[in-house]
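Just so it is clear, A, B, C, D, E and F label the chains in written order, and each chain counts residues from 1 on its own.
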Amino acid sequence: MDAELSDALETLKQVSTNTLTTQLLKRGMPSMFIGGTSPLNPAAGRLVGPAYTLRLIPMREDKLTPEKGRSPDYPQRRAVAECPPGHVLVIDARGDTGTAVLGDILMTGLQTAGAAGVVTDGAMRDTDAMIALNFPIFCGGIAAKNSHISHFASELQVPVACGNAAVFPGDIIVADADGAVVFPVELAAELASNGAAQELLEIFLQERVAAGNPIAGTYPPNDETLEAYEAWKQNR
Amino acid sequence: MDAELSDALETLKQVSTNTLTTQLLKRGMPSMFIGGTSPLNPAAGRLVGPAYTLRLIPMREDKLTPEKGRSPDYPQRRAVAECPPGHVLVIDARGDTGTAVLGDILMTGLQTAGAAGVVTDGAMRDTDAMIALNFPIFCGGIAAKNSHISHFASELQVPVACGNAAVFPGDIIVADADGAVVFPVELAAELASNGAAQELLEIFLQERVAAGNPIAGTYPPNDETLEAYEAWKQNR
Amino acid sequence: MDAELSDALETLKQVSTNTLTTQLLKRGMPSMFIGGTSPLNPAAGRLVGPAYTLRLIPMREDKLTPEKGRSPDYPQRRAVAECPPGHVLVIDARGDTGTAVLGDILMTGLQTAGAAGVVTDGAMRDTDAMIALNFPIFCGGIAAKNSHISHFASELQVPVACGNAAVFPGDIIVADADGAVVFPVELAAELASNGAAQELLEIFLQERVAAGNPIAGTYPPNDETLEAYEAWKQNR
Amino acid sequence: MDAELSDALETLKQVSTNTLTTQLLKRGMPSMFIGGTSPLNPAAGRLVGPAYTLRLIPMREDKLTPEKGRSPDYPQRRAVAECPPGHVLVIDARGDTGTAVLGDILMTGLQTAGAAGVVTDGAMRDTDAMIALNFPIFCGGIAAKNSHISHFASELQVPVACGNAAVFPGDIIVADADGAVVFPVELAAELASNGAAQELLEIFLQERVAAGNPIAGTYPPNDETLEAYEAWKQNR
Amino acid sequence: MDAELSDALETLKQVSTNTLTTQLLKRGMPSMFIGGTSPLNPAAGRLVGPAYTLRLIPMREDKLTPEKGRSPDYPQRRAVAECPPGHVLVIDARGDTGTAVLGDILMTGLQTAGAAGVVTDGAMRDTDAMIALNFPIFCGGIAAKNSHISHFASELQVPVACGNAAVFPGDIIVADADGAVVFPVELAAELASNGAAQELLEIFLQERVAAGNPIAGTYPPNDETLEAYEAWKQNR
Amino acid sequence: MDAELSDALETLKQVSTNTLTTQLLKRGMPSMFIGGTSPLNPAAGRLVGPAYTLRLIPMREDKLTPEKGRSPDYPQRRAVAECPPGHVLVIDARGDTGTAVLGDILMTGLQTAGAAGVVTDGAMRDTDAMIALNFPIFCGGIAAKNSHISHFASELQVPVACGNAAVFPGDIIVADADGAVVFPVELAAELASNGAAQELLEIFLQERVAAGNPIAGTYPPNDETLEAYEAWKQNR
């Protein structure tokens, strides 16, 4: 990862998913929100990093033998071994929230190896243990049901569908209390810088609104409000 | 708002939505429950007040220009400016929980202007900031997705659908941990008084049941239990 | 309940639903997970016990008179009076999470009479009061809507559907943060013993993985890992 | 079946489900529509008769052995043998339209034994063969998937849920192109007579509307229209 | 209606909804498809005309008295009386396909008064009679359930949601076997002309592809194919 | 394709999907049914052949430029050019039935090039034209909405999910009025032979049942019935 991208990702740790969907909409990209995921453990914080993808398809009795499911070559296992440090494991579970995609031992392996976190439109299990890991996990639900009952891990590092958004390997993922967003890495620096600027302005605007200023003229800001903002920014 | 209504609303702050759906069912009105909403911040407490309505329809690219969406004349903005103090902003989002209906700046404006709170079958975003406002917000979900991606704010103060219930401007809304209820203002005094009486009785009945009295004869109460209740009430 | 079953249930209090779905899958039983329920009050702890069932069908105006709904003979009321101590009341609500199946007074009665807890694919109401009971309640949602609006309690102690699983009277129910599992009583001893063994091994394996051992060779364990496990077990 | 009921059922063969939901609504019974079913073979005509019920719950691997599923004692098989002539087999499939509840051989047996037809909120298979039987079958969908994959036939002649309505054994079922309706047998004579009268009037009213008379005054009819109706009725 | 619009609508009777969604997508308007509707009677043909809207919200027992529901002032009745000749009645039923929005007498009145047809995301009943009218009706389903059970007709000629698209009074509706499309009247002439041109070209391209020409170079057409098209067009 | 497989596919043209799900269930493979698809044109007949797969993921504005979508290199276009004669194009549309996956020109190209047919859990458009092709097309719905609005064609010949079943390139697909089934090519000969035998027996059994023989002893057949079957088979 080059220095510019590192800097952008660092900045993005302070930029909310709300701000990012707004910035992306301005650029003609309304389809970048990964729907239906929430933090398993809000205290584990926000999640930012490049996507490493795992694709699950429906289980087939003739393909998923118990041996295969336990083999280190099984893509679900390989994902844990191969997801690079700092990356976000994105798991396409076809929106099935009734079956777990991972348990706590594989999740521990992922965290130990340095992954940034996990995003999936599927479910997690062993969630008490997962919460104890203090690791950013975003999922669509909780279910004890073993992944082998419904899922077959077919491939790593292919484009996937997650929460009705497409995620390509290397895309940037940002997730927080309001869900998860994906965008092409080429936009990282620009979104970091524009996003941070938008957020600073909005802190000011919220203060103004909280102080009783009317929405009209304040949000969005007219010239007078923008002038006040410039002054406020100088004095911070 | 006249004094009788003020008193009724004050009493209703202590009457649960459970009691109200039961009272409404007795009056032949089973359709008064707004389904699928829950408190974004349970610590912000219960919500009682007359409804002020905002209606969202699906976004249309030819109608929702960026200028229109940011204009003070846009009904979403006007709702914040015009919702009267003590009123509940009820937003019809067609049950779409994948897209936000409001962000934290508009929510701050609404609170600052004295609104009682918000009920919607749509989603909220900037939820960390919203939780910090300590303002009663009841919604169907959480999603960072910008409202302009899916919604067009078409009208204020028309009858709306919310959580599969109809809400007319001026109807009374009561919301708590178990969801939200709507009823016509004409019933406010009666429901307040009957609801409070039912709740007092049920406190007594729960104590009796907790003390080991059988359900039969206690709940619903027979004459003996009612007599004991009268005695208990005298001694409170 | 005989001593062997008592012992098994005691052991099962320490065995997670995750472990149980895995053990059941190994025995060719993937259909034992009760989907879509979660603990109303996680602090009330895990739930283990034999099932006592209540079946709800859609309300019919000609069958459910107010008198019938309040009568001690109504199966919903009888369930509270007749559910044996230590048993789990399993309520088939057809997955309708928009209507409550029980309120706090009946729940208090159930707890007072010694029931182990409740599992339903329906909703609960009076949930603040229910949470205060510190009683293990697993449900599909929360809704103030009175059960008489949508449900008719038709029978006790018949096989039921709950969360897309079949539950027969006397089946064993185990529920925790990851949901609820059902299995025939004949398997209780075997699942308790095998489940506890699996969990002990997995505690060791998670430690190994957390210490940086690769997934391959550790999970599932190869001979070397198993040997280390045996040594670890001796030293506990 | 007594003569009065026979006459009523004969009359009901000419009364539409639309008319019946209206008549039932007038009597305070809006919950009598069996939702989501349609005729597999519209040419096989309308279906009227008392309900004979079969209840399916989710499959359990420990309960549904291949032997049991093929045994004449299995309730699915017994339903075919025991459903009385003229009765409607109503199958509660929990609204699962992805799995068949019956195939063509059992359906042939049912028709041969004199059943009036079938209503289910589940799916049918062997549908080409079933269509060839010219037998009134109302179902929620079509799917080749074997019933043993998802269903366990648990009981006969108990109250069931079907299409979000409750059906009790002996209730009267009427089904046509617009779906299926259920009501208690006690109402059969009254609904037959009132329904037939409503339909005759509506034939007249539709003619009047088709002739250009305004809705106001015609539908519902004012005194003048009713007078014209009486004259029309005399002249038929 | 001016002559230009009349001409455009006449041309649009030959332009498919497929072509129109493609033309609208080219203009940056992907949100113009009314989802989930199909022709009740395909033989009644295509439907083109300006929208006249009726909005249904959930039924409320305190608002919808039997008298109100039967009054000529009830918006459902007024819609039939007031929908102008050549217009399409668009009914917002909130996607509820389990309840009818209209029966055959009101539908007859609408046809007699010269309406072009009906589009709704709700259900129809009396469908045998409706099919006999030979009138273009597009709906989301079929259900005998009386509209008064679930719907309250609140307003006419307001913007509505239908099939997850927004429809404004006066918008142009086109519906055929593939569903229904909506667009602003300002685009009618342009879409008619561009759509007809696209369709003529596609007839030619389909012939070429059917004759064995490869997709590459044919669809979309390269210069050679376009030249052949011009020659073909001359010779028609 | 070797001769044995050709023979098996030929035989499978007479074996129903019902028979196949039963045969697969006997072999411990209940997950082989592709749910929710039906024939667009039942008159076009049954569909049998090896799977050629196309995978669609959600549209991304930065990936799907109009140029890319029209390029012969776009996998949707390549699928038409590269699907081998006799093969079934299986399209994974993530169960989205609100958007078309193909139109009539590409479908014509596919038919002209010799494909056996198409199966998808998505929707089709230009359906009148498609029906006129007399080509076996199995889909989840009908919708005019352009595929570019919701789908991005990401890959060919990878394992896909379709109707909640996994389909691998080269798997055998059989589809008829009751839906579509998938199984590994290794089972083709065995399923063809066993399936045909089952169907012949069931023709006999249905005749016996239609003649009034009881289900018990006939279906499944006892020794006497099997003896009669052998005689019947000799005399055919």
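We adopt the following convention: a residue touches a chain if its C-beta (ideal position, glycine included) is under 8 Å from a C-beta of that chain, and two chains touch if they have at least 3 such contacts.
Nothing here was measured: the structure is a model prediction, and the numbers come from that model.
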Required steps from subunit A to subunit C (each step between touching chains, minimum): 1
Set of chains whose contacts include both subunit E and subunit A: B, F
A-F, D-E or B-E - pair sharing over half of the A-C contact pairs: D-E
Distance-maximising chain from subunit A - centres being C-alpha averages: D
Chain centre separation (subunit C, subunit D; CA means) in Å: 37
Between subunit F and subunit D, distance of the C-alpha-averaged centres to the nearest whole Å: 32
For subunit D, residues that touch 2 or more chains besides their own: 30, 164
Chain-level touch network, classified as line, ring, star, complete or other: other
All touching chain pairs, where touch follows the definition stated at the start: A-B, A-C, A-F, B-C, B-E, C-D, D-E, D-F, E-F
Complex contact set, residues of subunit B against subunit C: 16-18, 20-22, 25-26, 30, 33, 35-36, 38, 164, 176-179, 181, 202, 205-206, 209-212, 214-217, 219-220
Subunit F residues touching subunit E - in the complex, by the definition given at the top: 66, 70, 72, 77, 80-81, 98, 100, 103-106, 108-109, 112, 125-129, 142-146, 148-149
In the complex, subunit A residues that touch subunit F: 28-32, 57-63, 94, 152, 154-155, 158-161, 164-166, 168, 183-184
